[in-house]
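The next part holds the structures, each set out as structure tokens.
Consider the two complexes below, in which chain A is the common component and chain B and chain C are the respective partners.
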Partner chain A sequence: MDGRVHMNIRGKRAPRGLQEREIAKFRWMMLAPGLIVLLSINLLPIADTILTSFHDFYLPRPQQKHFIGLANYMNLFKDSRFIESIWRTVKFVLIVITIEVIFGFTIAIFLTSKLKTMQALRGLFLVPIILTPIATAFMWRIMFSPTLGILNYFLEVLRLPPQTWIYSEEQALASVAIVLAWCKTPFMIMVFYTGLLSISEDVIEASLIDGASAWQQLWRIKLPLIRPVFFVAILFQTVDTCKEFDLTFILTRGGPGSSSETLSVFTYLHSFGFLRMGYGSAAAIVMSVFITILAYTLFRAGGIDFEN
Partner chain B sequence: MRFLSITLCILCLVFPVFAQGGKDAPAAAKPVEVSADGIAWRAYEGTTLHLGMNKHVYTDTLRKVIDEFTAKTGIKIIIDEYAQDEFMNKRLVDLSSGAGTFDIVMMDSIATQAAQAGWIENLDPWFEKRHLVDKKAYMLDDLSPSFTKAFTVNGSLYAIPVSGEKQVLFYRKDIFKERGLKVPTTFDELYETARILKRDFPAGILVRGQKIHTVSNATGVIWSYGGKIADDPVQYNKAVFNSPEAVRGADMYTSLAREFGPPGIANYTWYECVSDFQQGKAPMYLDMSVFMSQFEDPAKSLVAGKVGYAPMPAGPAGSKPTGGAWAVSMSSASRNKDAAFLFLAWATSPEISTKLALEAGIAARASALSDPKLAEKYPADWLKAFQAGLSADVPELTFPLISRNEEYLDTIGTAFNSMILRKQDVKALLDETVVKVTELFKDK
Partner chain C sequence: MKTNIQRKELIKVIKIILLWALALMYLFPLIWTLSTSLKTRVDALSYPPIFFFKPTFENYKAVWVESDFLKYCFNSVIIAISATFIGLIMGTPAAYVLSRKRYRPKGSKSILMAILSTRVVPQITFMIPFFIFFRKLHLIDTHISVVIMHLTIILGFGIWMMRSYFLDIPFELEESGLIDGCSYFGAFSRIILPLAAPGLATTAIFSFNYSWNEFLFALILTGLRTKTVPLGVYNWVGYEEINWGGLTATAILALIPILVFYGFVQKGLVRGLTMGAVKG
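Coming up: the complex of A and B.
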């Protein structure tokens, strides 16, 4: 009976009227400006990059541009400098994310405490995020100077040996990582802080009644509850760190040697330094795939569910 | 990919400029009226010229005289000035896309590439246009050949050098006097002096150590030891900087840096070197003459008035310093070429060049440098060291006239940089690098 009624209703449904078609047209018209912008500044360049990556294209000689299939990709994976830059990027991401998570979480915990000073400091912790990367990089470059920099001055005051920071092969990558972590930790603090605030007071009270210590509260209750937020923050930062370019370029230009040359610096150098657009585009595509894989792995590992 | 989108954005942004260009062009059919000196000063009244300039002493100084040009011609000049890295990107995008944002573009060693790709104008035919320039009064020969050579491609001049520099030795007069040290005149003496001074200073000597920054300075030392970069200064068939002489030169430069340089010298650009020297952290510095004004400025420098200047020390083959120059060129995509050349010829004329030389101590013209007023204003030993550098007989250009210049700098710079980082077999490393550079030479 129910089924028949349902069928009747469906059967009665008239074909799309003129008015509906006009509505559809209107919808597209409204979407058009957005779509055009999206297409022209996002999808077209991506398509063009993919296309260019199959060509031998040296910018000063556009007339000699020709199709070479996958040769750029084959050469990339034979290029030891490129392979090294992939590992370097992985190492870089690991250092940056570790520092960011440790400091981000610790500071967020202190911010949620009822201490008055912490409340006052909240705004101060967010300062690095509003500075432009270029200014930050130049500021740190001066501080890193082995002879004139303030960092080595402090080490001297503490009777520690001076370091070479961005000026030596051994420390360059880690030094850049420190600067990036300094810039981006505020983001982590914000995310963790809001995550911690969203935990209901009831849960905490209940655990108190059950006699949980502060330490147990943190590990057994707070952390599991903010786990999704935790992984989303790491995901965003991982993607962001992989793409990191401006700080590295100004601080070290990938040097000394190529000790801090990450994927993005490698790509920039080959495209816009050596003007080998085909090769550079191929590197850019590999970089995008690399980031996608990394992001997907994290996505699965963290059990992130954007629907929920 | 991110850069491609950026490039596209920039292109979108320059389109309005593109559209505006048509308006600026003067009516072509109008007969050209010339002044008494035969030059059509007022023929392009109302035109606007855009200058794409690097942040440089030259740009600052030029800014002071452009009003004179506007008053004389009615042509409006807009200087678009950018910091070096940004400028190089902006210039590349503008020239390679043919957008024509800039009418006049400042040039460095990218000039060969730009000329071969047809991004900048061949200036030779323009010098024949009598209503734009009086060739006799202009004195093309007066421009130092050691600078014009770098901007000459296939026998034609593509850019006019405006600010020249040569390697000289900066040293601290007070420290040398106090310790009874002699100013080194050979590289062996330089090595010995640096060794003694390293005991009491963070650095015995400063030289640039960062990858691509090492190239021009190390090249001068290789020359002074009798080595060369390429077999032929015109043809560039193959690289020869693995000859015994070149190996000794490269070894000297990198050993000075490694043994007596400051900690972390392997990432030192001129920026770090100049700051260290200004703060008195090192008593010697081997680099380009142009930094004199930085050291003599008491507002920035603790060592103003205490700096001595000497020609670059000599190797077995003599003192053969490298140098470089910034130049100005005309974009092929410019829509106001007549007005642009009128400006170019005016700004680089003997009269204006001398004015700029007196203002900031920069010049690429012999007449401007020999002006007696210049000697009054700047340290006499600096002028002497600079002129010694200009008159030195050098075997080839500082940077090879090849299209793949950036890759050349990266390849050879990596070799020098790694020798500064750790002691190793110089000959073996250079052998390896020569093969790679020869490969780059093939692709002219």
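Coming up: the complex of A and C.
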């Protein structure tokens, strides 16, 4: 069938070589605008940041910019604040992803059961993801207030000790993680939900006939079947959590001290706070490499296929 | 037998009630923000917190009178529409070619992976060189600088998204058009593009939403003339104290267009969130 159609086209149009040339012309006409812009706004800046990272460049004195080789990188890895921010980011990602997966998966399973008003519920569980991050951050700042906040009021009602939330070194990072998990859990819910829906009824019925309990069905059949979707969800959330800036910046600015200073806040502070563009660029590059390796590992581990 | 059915019904009802309770608890921060925006200054800062009060629209009036909210909206709309429009015009044709075995160039896989890096690399990596560049050209505090920065995300996103929609359209369709004498571009623009219209709409809404909510680039690049809505929210933070009423009211207002838009893309939501990797 396919072959015949091709023959027809060839017969009607032009000899093979000419058609090839026509296709090539069409291809590059369509690709060129997008790729050229992409090259100039995405790839060139990355190259330029790499270049800047080899320089000592204090923004207010651009004329003193000079090449210093790998010194910025050496200093970064000697900078205990930077090393700590890497570990902090890892910890941050682990907390956020764990919360998101547990809640996201549980809620997704509930949402697949055929109950009344389910559609409305699904809509409600979605809302946080579309909030302006900055609004989310301030919303939680009101609630976190140690003296006036509603969270500590609830704890008081429940006769639990008040917490310091984002205002103490011990709890700041975890508090920010809770907020991020709160606003990104809908992502997990939706992706898991879609995955669960895509499992065909036949498979479920077959397992029921074989006498599988609901629990077995979940662990032995549903989970393995949505494994690829599961990894896509984790991949995207891990990358986004590593990059997270808005919430952390509004909630704590990396403080108190540097207790919630993740890689992205560190990089921001050094480049746009202290205006050390060379040092900041080096940090940005290390961070990019770090995230790329992480993403690639997950990509491979999950056997994700973007070609579908 | 009958009791068994009754028990099942009961479990269903309990499940629904539990889920609704959970949903309300989950959305409590949003409810609390809404209620704060309807409170007077004194009520908003009272402890223990007040749950029942007479709502006032003073804060919303203040947003209107005391801040340049309309101007922020105007800036946000201009930036979001330009970035979305440019992104789709440039990205859609490229996405189409990359989705078709017949047209795509050798190494199209590496092109796609390179595009994916726009999602992986932290925004600040793009920001540093562009900031230096914009400063040289005196483009700080202009719409165009923010549009370019938003394009760094939207263009790559758009290509991946649109490609996933094009992959869903069987090649036979344009094949028949080609037999009827359509040019390659004609088959794309007259046969495929109309079929991909829902995909275009979803991609556009996602891009618009990204631009509308974006904070880091706007924080660094905008000034008095070009502040966007997220910075309008941020504006209520003073040196001495935060005007919670004004801030929450602005936050609620900023949410409205996005809520309206999302009503339209329920179907493409998961695809948008995963750049087409998971088709919902």
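To be clear about the criterion, the second predicted complex is superposed on the first by the 274 of 308 C-alpha atoms of A that agree within 3 Å, B and C clash if a C-alpha of one lies under 4 Å from a C-alpha of the other, contacts with A are read in each partner's own complex, and residues count from 1 in each chain.
By our rule, a contact is a pair of C-beta atoms (placed from the backbone, for glycine too) under 8 Å apart; a residue touches a chain by one contact, two chains touch by 3 or more.
Please read all numbers here as calculations on a predicted model, not as lab measurements.
Novice: A:Asn42 contacts which: chain B (first), chain C (second), both, neither?
Specialist: Both partners, chain B and chain C.
Novice: Identify the partner contact of A:Arg300: answer first if only chain B is touched, second if only chain C is, both if each is, neither if none is.
Specialist: neither
Novice: Using the superposition on chain A described above, determine whether A:Ser271 touches chain B (first), chain C (second), both, or neither.
Specialist: both
Novice: Determine, under the contact definition given at the top, whether A:Ala284 touches first (chain B), second (chain C), both, or neither.
Specialist: Both chain B and chain C are touched by A:Ala284.
Novice: When the two structures are overlaid on chain A, which partner does A:Lys78 contact: first (chain B), second (chain C), both, or neither?
Specialist: In the superposition, A:Lys78 touches no partner, neither chain B nor chain C.
Novice: Is A:Arg159 touching anything from chain B or chain C once the two structures are fitted on A? First, second, both or neither.
Specialist: The answer is neither, since A:Arg159 touches no partner chain.
Novice: Touch check for A:Lys243: first (chain B), second (chain C), both, or neither?
Specialist: Both chain B and chain C are touched by A:Lys243.
Novice: Decide which partner touches more residues of chain A, taking chain B and chain C as the two options.
Specialist: When the residues of chain A touched by each partner are counted, C comes out ahead.
Novice: Intersection of chain A residues contacting chain B with those contacting chain C?
Specialist: Chain A residues touching both partners: 41-42, 44-46, 48-49, 59, 147-148, 243, 245, 249-250, 267-268, 271-272, 281, 284-285, 287-288.
Novice: Enumerate the contact residues on chain A facing chain B in the complex.
Specialist: 40-42, 44-46, 48-49, 59-61, 145-148, 162, 164-169, 172, 243, 245, 249-250, 252-253, 255-258, 267-269, 271-275, 281, 284-285, 287-288
Novice: Contact residues on chain B for chain A in the complex?
Specialist: 1-5, 8-9, 85, 89, 92, 96, 113-114, 116-117, 119, 202-203, 209-212, 262-268, 272, 275-276, 279, 281, 403-404, 406-407, 410, 414, 417-418, 421
Novice: Note which residues of chain C are touching chain A in the complex, please.
Specialist: Residues in contact with chain A: 12, 15-16, 19-20, 22-23, 26-27, 29-30, 32-33, 36, 45-49, 89-91, 93-98, 102-105, 109, 111-112, 114-132, 148, 151-152, 155-156, 159, 167, 172, 175, 178-179, 181, 184-185, 188, 209, 212-213, 215-216, 220, 229-230, 233-234, 242, 244, 247-248, 251-252, 254-255, 258-259, 262, 266, 269-270, 273-275, 277-280.
Novice: Tell me, which parts of chain A touch chain C in their complex?
Specialist: 5, 8-9, 12, 22-23, 26-31, 33-35, 37-38, 41-46, 48-49, 52, 59, 107, 110-111, 113, 115-117, 121, 123-136, 138-143, 147-148, 150, 153, 182, 187, 190-191, 193-195, 229, 232-233, 236, 239, 242-243, 245-246, 249-250, 263-264, 267-268, 271-272, 277, 280-281, 284-285, 287-288, 291-292, 295, 304, 306-308
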